[in-house]
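Chain lettering (A, B, C, D, E and F) follows the sequence in which the chains are written, and residue indices restart at 1 in each chain.
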Amino acid sequence: MARVVTNAERAAIGLCDALGALGVSTVHEAQGRTGLMAARIRPIQQGVRIGGTALTCEVAPGDNWMLHVAMERARHGDILVVTPTSPCDDGYFGDLLATSAKARGIRGIVIDAGVRDVADLRGMGFPVWTKAVFAQGTVKETVGNLQVPVVCAEALVHPGDVIVADDDGVCVVPRAGAAEVLKKAEKRAAMEEEKRLLYAAGQLSLDVNDMRERLAEKGLRYE
Amino acid sequence: MARVVTNAERAAIGLCDALGALGVSTVHEAQGRTGLMAARIRPIQQGVRIGGTALTCEVAPGDNWMLHVAMERARHGDILVVTPTSPCDDGYFGDLLATSAKARGIRGIVIDAGVRDVADLRGMGFPVWTKAVFAQGTVKETVGNLQVPVVCAEALVHPGDVIVADDDGVCVVPRAGAAEVLKKAEKRAAMEEEKRLLYAAGQLSLDVNDMRERLAEKGLRYE
Amino acid sequence: MARVVTNAERAAIGLCDALGALGVSTVHEAQGRTGLMAARIRPIQQGVRIGGTALTCEVAPGDNWMLHVAMERARHGDILVVTPTSPCDDGYFGDLLATSAKARGIRGIVIDAGVRDVADLRGMGFPVWTKAVFAQGTVKETVGNLQVPVVCAEALVHPGDVIVADDDGVCVVPRAGAAEVLKKAEKRAAMEEEKRLLYAAGQLSLDVNDMRERLAEKGLRYE
Amino acid sequence: MARVVTNAERAAIGLCDALGALGVSTVHEAQGRTGLMAARIRPIQQGVRIGGTALTCEVAPGDNWMLHVAMERARHGDILVVTPTSPCDDGYFGDLLATSAKARGIRGIVIDAGVRDVADLRGMGFPVWTKAVFAQGTVKETVGNLQVPVVCAEALVHPGDVIVADDDGVCVVPRAGAAEVLKKAEKRAAMEEEKRLLYAAGQLSLDVNDMRERLAEKGLRYE
Amino acid sequence: MARVVTNAERAAIGLCDALGALGVSTVHEAQGRTGLMAARIRPIQQGVRIGGTALTCEVAPGDNWMLHVAMERARHGDILVVTPTSPCDDGYFGDLLATSAKARGIRGIVIDAGVRDVADLRGMGFPVWTKAVFAQGTVKETVGNLQVPVVCAEALVHPGDVIVADDDGVCVVPRAGAAEVLKKAEKRAAMEEEKRLLYAAGQLSLDVNDMRERLAEKGLRYE
Amino acid sequence: MARVVTNAERAAIGLCDALGALGVSTVHEAQGRTGLMAARIRPIQQGVRIGGTALTCEVAPGDNWMLHVAMERARHGDILVVTPTSPCDDGYFGDLLATSAKARGIRGIVIDAGVRDVADLRGMGFPVWTKAVFAQGTVKETVGNLQVPVVCAEALVHPGDVIVADDDGVCVVPRAGAAEVLKKAEKRAAMEEEKRLLYAAGQLSLDVNDMRERLAEKGLRYE
């Protein structure tokens, strides 16, 4: 029942770039506080913010064979999204696969398992979000699924969805609604920029956002 | 029963600076190995060491409203100490609140929950000690308590206590005893400086601290 | 029953250097995917890769006395391997012990417990792999064992075994087989270098490693 | 954006009963080793095995309001499937809601959060699978979604899907394929029954399943 | 600085009995959703519900000496509340100490560490709430504090406070307010009893608690 | 490199029975507080206490093939000790393998991974100590090692060592020293029996064990 779906549609790369530039927190808020992967997915580098299209890959525990299959299916702008069929911290991905991924146009990897060769990965500038750093080697015995819908770190991901990743973690934007989310995210970013100036000048969010009355109604007392 | 206590006394800022300069490990030892927050509270930056007065803030899970209330109560030298009423990793604090906090004279935040916008927070140089980095947005529906005694990451904190934080974590020094702790901490630091020179020269702590006899009494055998 | 074994043989330092240079992932693979410590053991620094001989140290929970004893037994090229007799996150090791360790020729520490003074440790360039950063102080009441076989972070370590540590974690190479492991590791590194060039040029591991037929046999379908 | 979908189709109750009788492990295997919730979801009772239709409920952290809304939407044979929008251990569900749930025909609850009043729940015979037992009270301030697709404990659940739960955990069977899964599960159960007799008589699975040749091919050596 | 405070006042035993009978969830709610210990504290038995006065005991990691000291300070109706100065899972308490505790009138133990001999403890009917079951033995080298305020499993406990414990966990009621909390808890229990009857008869909490209008205001839509 | 060692010597079964009868805590203490597996290994049943000889089995993550191989190597009195080569919670062992194990004279299983069919296992009375209950199915693709030394849950186990398991967890007694450990354990049990009578009569361990003077020397003060 292992299968590779070859005709997955991707979100437009321009959308990915624009959403990526806005970052995880803003995009997550803009789509109604949805789409986040669990907090256990952390970057191995600092200061990288990217957007791309999900190339989903389901692997057996301790078996990275399907990552090799994934390399052939990659398109420029893809971000590998890897989820094991049961929890596993093994080092599925290292510098060799990263070399191949880079050559095939993959922008980064998001994996709810482990990676290794992290010094090399950082050196290559290949961005990684992962649950664990662990050198444990894997086998190539069991086939899995490529480009099927997966749950990765508690987020549902369809092939071709937009993946946004930065120092805050990873957010998934369904392909169909991505353009609308971008609009809302840009609006939110602009609104936040305004508030930032007011707060930097010492104004209080209590006043800027008119919170005092409602706080009193809720029973907040000053002593 | 939500309340904001407005007249909390703070430890003297000079004491905070002096304790902050000595750092968490030294201060913790000097007050009899007490006052540490749990090891899950980690900095998002490296190389920052600060002291300040606790501005305590109790929040509902997934609700950061009281942080907005806290901004108004801040004084120069305060460190926000945030604890949720039940465990929560949501991103209570991000770049907007940090902008406000900085403008209001807050030196940093210690939070037994999550933060987001960490790239911005690092960029601003606003120091953060936290349990989690997680972009999950919060609501503003439930009021809590400000400037009341709280248990934060298993440490008891009263408003106005001295908070010391660095790469080793966070230590709380009760306001009343802070001056005495400072004396002991300075003494300890001086004593450690002496030992450091001896150890650097190759001397053994077994000799410097005269441990051999007691080790033998305890039954240590060399084979 | 606490004892210090004084005549432990060490692996040759040249072997340690050579294995250290190859790094954890390569060495782990070369010895048949064995020898890794658990993923909870993480470096406090980035970009350090070392090899050395295990100086094993078994300590009581919350008691770092045996680390002081260990300093005297150290030889140039040793790496301290510390394991508590029950799980403990306390800060067993800080800048004073690191000063002594450095002066005694110890190359680094691997500890399945906590360390403190990490800003100083990073500043000194003393490499540390640890389960936790925690300032909690320890006592000196209970003696333990030095240079006996220990299980550290789920890996069996004999005194004098080769310890390899880098950003990927820690790997143990039994002294007896170390020379053979080195040969295999070098061979593997050379083979990986070849593949890296092919992958960088865009070739697929499916072809380079001739995987397509076996994948089909296992039932992988393209849709 | 909070919504209650009122027209969700349910799997046939007979299918639920039949799948429930076969149990989690058999059903999970029968549908290709898919559909399991994470191992953190554990029963508070022993020896209960049920099947039912998913009544999905998405709640805010620390807020159980939507569970009250869910009671009205329940049909006989439903199993409540509750997932918070971010991780939370609070006690969302206790004896009062269980009383209501029972009266409304709900067969049990599966919740990736906490429950309380567990002594009463056990006494009532209302079956519960949960991540945590925690008495922490919740508020009623934030609305969520009812009968929408959710990810619960890393499994995707659509309203009306079949939920199977027993001492091994929880498995989700998509409504569309449930009849086919039942057939395969029954076949598997029959086959296992045959093997059980052979094994009980002392025969080896090596022989029953003809494994020896393949083991040798894979390189297994006897010494 | 280790000390035993000998004159701690206890809450009245009648209050303890009454609060104990109401149970953790009701009491926790009655005092404004405060006082709970963390969810990691679990009973080793089922179906026990007790109240008593806190006999607080602070111990070093891996060292149970102060538990022996505690036996002498016990009064009828006390519940031992044990917290280590840093996290530890060792087996501080087993059947011998339980025998002594029972003989001295102690009603049970709450410990943020480990216990052992749990089969015997269950057999004796001595109630235990604990973080871990672990046979690891402890030493008697380091003195600690008895009957001082402690933070146990993230709850602040003063000597003589009321401890309520049942299958839901552990709740602390400060001595001063215990009588008032009892009144509120009884009121709450009565109110819940009324609701239970309505719910059992099939009425909805949406109607009983008049929630529909507010849900609509918050934006809940039916589709 | 996968191998099955066929000539492993076992500890005498009488020793196993005697040590098993004394239980984990007593045996662990008798051999100098060593030999415990980590606290994560918990029984799925209550009230079972057994001893037997270790039949060690090393498995790949998500692959239970070697358990089938193990059945043939079992002797009466063996206890299966299973450890994965990297952390894994999958359900390696269920009712079919238990049926076979029982028929082959195996007394129980200790596994640092997951099991399933736990209702059946309890029903059969086949004792299990495990890290997880999880229905996740496994494959049969990768061979491992049988009857070689393993680290299981942080304890070193050689084939034929004595395994003692009860409600407190699991303890390993090396074959060579088992007879001596038994003597010490019996002595300890007798001594504890004496103390139990004294404590039950209300005597204090402070007096029975003559602790008062040493406590005072250590600085314990009564206030």
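Heads up, the rule we're going with is that a residue touches a chain if its C-beta (ideal position, glycine included) is under 8 Å from a C-beta of that chain, and two chains touch if they have at least 3 such contacts.
Just so we're clear, the structure is a prediction, and the values are computed from it rather than from any experiment.
Peer 1: Report the chain pair from C-F, C-E or A-C that duplicates the D-F interface, where duplication means over half of the contact pairs agree by residue number.
Peer 2: From the options C-F, C-E or A-C, the copy of D-F is A-C.
Peer 1: How many angstrom lie between the CA centroids of chain E and chain F, rounded to a whole number?
Peer 2: Chain E and chain F have C-alpha centres separated by 31 Å.
Peer 1: Whole-Å distance, chain C centre to chain D centre, using C-alpha means?
Peer 2: Each chain's C-alpha centroid was found; their separation is 42 Å.
Peer 1: Between chain A and chain F, tell me the centre distance in angstrom, where each centre is the average of that chain's C-alpha atoms.
Peer 2: Each chain's C-alpha centroid was found; their separation is 42 Å.
Peer 1: Specify, in ascending order, the residues of chain A that touch 2 or more different other chains.
Peer 2: 1, 33, 36, 39, 85-87, 89, 134, 136, 141-142
Peer 1: Just say which it is for the chain contacts: an open line, a closed ring, a star, complete, or other.
Peer 2: Topology of touching chains reads as other, fitting no named class.
Peer 1: Got a list of which chains touch which?
Peer 2: A-B, A-C, A-D, A-F, B-C, B-D, B-E, C-E, C-F, D-E, D-F, E-F
Peer 1: Enumerate the contact residues on chain D facing chain E in the complex.
Peer 2: Against chain E, chain D makes touches at 1-7, 65, 68-69, 71-72, 89, 91, 94-97, 99-100, 102-104, 114, 116-119, 122, 132-137, 140-143.
Peer 1: Going by the contact rule at the top, pick out the chain D residues touching chain A in the complex.
Peer 2: Where chain D meets chain A, its residues are 1, 32-34, 36, 38-39, 85-87, 149, 151, 154-156.
Peer 1: Considering the complex alone, what residue numbers of chain D touch chain B?
Peer 2: 60-63, 85-90, 134, 136, 139, 141-142
Peer 1: Within their complex, state which residues of chain C touch chain A.
Peer 2: Its residues touching chain A are 23-25, 28-29, 33, 36, 39, 42, 46-47, 49, 166-169, 171, 192, 195-196, 199-202, 204-206, 209, 211, 215, 218-223.
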